[in-house]
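These notes are about the structure you will find just below.
Chain nomenclature is as follows: A, B and C, assigned in order of appearance, with residue numbering initiated at 1 for each chain independently.
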Amino acid sequence: MLQDLFSPSVQHALDIAGIFVFAISGALLAVRKNFDVFGIAVLAEVTALGGGLFRDLVIGAVPPAAFTDLGYFLTPLLAALLVFFLHPVVERTQLAVNIFDAAGLGLFCVTGTTKAYDYGLGLTASATLGLATAVGGGVLRDIVANEVPSLVRWDRDLYAVPAIVGAAIVALCLRYDALNGFTTGLAIVTAFVLRLLAMRYHWRAPRAWNRRSSAAEDGA
Amino acid sequence: MLQDLFSPSVQHALDIAGIFVFAISGALLAVRKNFDVFGIAVLAEVTALGGGLFRDLVIGAVPPAAFTDLGYFLTPLLAALLVFFLHPVVERTQLAVNIFDAAGLGLFCVTGTTKAYDYGLGLTASATLGLATAVGGGVLRDIVANEVPSLVRWDRDLYAVPAIVGAAIVALCLRYDALNGFTTGLAIVTAFVLRLLAMRYHWRAPRAWNRRSSAAEDGA
Amino acid sequence: MLQDLFSPSVQHALDIAGIFVFAISGALLAVRKNFDVFGIAVLAEVTALGGGLFRDLVIGAVPPAAFTDLGYFLTPLLAALLVFFLHPVVERTQLAVNIFDAAGLGLFCVTGTTKAYDYGLGLTASATLGLATAVGGGVLRDIVANEVPSLVRWDRDLYAVPAIVGAAIVALCLRYDALNGFTTGLAIVTAFVLRLLAMRYHWRAPRAWNRRSSAAEDGA
């Protein structure tokens, strides 16, 4: 379906770019956790490919793209090498990394939704898998690094909402047969811009109402 | 096979009830861990659907029921909303939640075993997958919440044994061609009552023999 | 393919041996973490079968071998029982356990690569899955036990490299059509010996260059 919108080569280049920036975020966490070079590579691969791997297993697209496209596998290794040698430079460019990560988020929620729909899932399930594609790698990254996933922490800027909005736009377009190059681009850009705004203005999601003690404020 | 025992609509209603109570337990843990509203929804979904998702991936039933039945997906969101607004009330009814959770445990170990057998697995493998269906969601819940799974902790009341007994009864009935409405109900009720008794009398599983130091008593 | 090299029964016996030693390592960690008897069994199963389960899901070999071969399932339970009753003895023989674990590592990286290739994956993807088969169980073990995976920790002796070398030898032999009993055995033994040497001489992988503070030395 996306083939009508983007040529396969453009689509592939965007995928590689998203994989690269997600891998950078995984590799940087590995450095902060003091992992060795293999830990850096493992966390880069897990972060970059975990979301798509989960999606492909659920829709039955085996072997998953992560294992059939050599570029998908080698890109995170390149990111890991880069961070291994140059992580002080990469960290100094944290803003750039965050912007690329937002772009990856926008791209993956859209392509994940489209791929799931192409495999015959319903609209809600497709949008859910699009969301899972976009955020799954980060959750796996945090689980392997033995941390509470940043996705579910109240003290982090909104991450799920931009992806939900992007996936929902695609699902609505699929519903009304209006998915084309323009609407696809619109969904990607909307998710991307929402994530940038969430970071800029520190938008956060509410925690449960009526939490009893203020002590909970300090909890993790 | 279960269609002969319960009508599909009864079966589906029981599934939804099991999913709902498991989701409540996930959402409550998310509130205790101070997650935001998305964390509450994520943990509700993971707890309610994780066990069945694992079973479906293993037996090759893709896309898994969690992604083809809209009710399966929306029920945990409803539970998450309920806990989000009313968690002090829900926590005060912890006993009721525990009773429903025990019912979900009994139901899932039985339906998980039956479904795996219907997909051609052996009796031992089917019972194992029934057990995994019943306890898998809780293990994933604790992994995402970055806690030691309550399933494997020595200081928690028996949880695996009731599910093992329920799954084993079903496997024995399948072996001797005696699975019918009565024996299925018996398996569910046996697992359910065993779990209630384990909670009432704080039955615990033994730890390894000859642990060397008493210091280990305090460990987690 | 391996059928030409080892008879199926030899191959199966080697698999069972590898599963047994991996299960021992899982069960020992469970005892150290103070888990109850079910926790010991769960961690033994996860460690022994997790890597192969992941490989089988990725290549679409469902139901996975872990659920179709009763010996694969019962062996970890035997290991768990042994550790449950005799863990002080087993711990005293830690050296023997480590040697067997190294043998399991060598075996699994080779059989994992071969099986993935037999299912039509490319050489790089096959070698990657061979590596994942060998180290995946240990990573899952540490995740369930709520620890930073020992695979990615800088203060542990090399574990990934021997498996990478073993898998790479197999991939090269497949590339040049030179996989036979001798080269397969050579790959297993090379990985095995490399792991033994890494333990003997405490070979470690480097951490990222230019880490800024010495404080990071103490971090986990």
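Things worth noting here:
Basically, a contact is a pair of C-beta atoms (placed from the backbone, for glycine too) under 8 Å apart; a residue touches a chain by one contact, two chains touch by 3 or more.
Given the structure is predicted, the values throughout are model-derived calculations rather than measurements.
A turn of 120° superposes the CA atoms of chain A on those of chain B, with the angle given to the nearest 5. At the chain A-chain C interface, residue numbers used by both copies make up under half of all numbers present, so the two copies contact each other through mostly different positions. The geometric centre of chain A is 29 Å away from that of chain C, both derived from CA atoms. Under the contact definition stated at the top, the residues of chain B that touch 2 or more other chains are 57, 60, 143, 146.
Here chain A touches chain B in the complex through residues 57-60, 119-122, 124-125, 128-129, 139, 143, 146-149, 151-154, 160-161, 204-212, 216-217, 219-220, going by the rule given at the top. By the touch criterion stated above, chain C contacts chain B in their complex at residues 30-31, 33-40, 42-43, 53, 57, 62-64, 67-68, 70, 73, 83-85, 87-88, 143-146.
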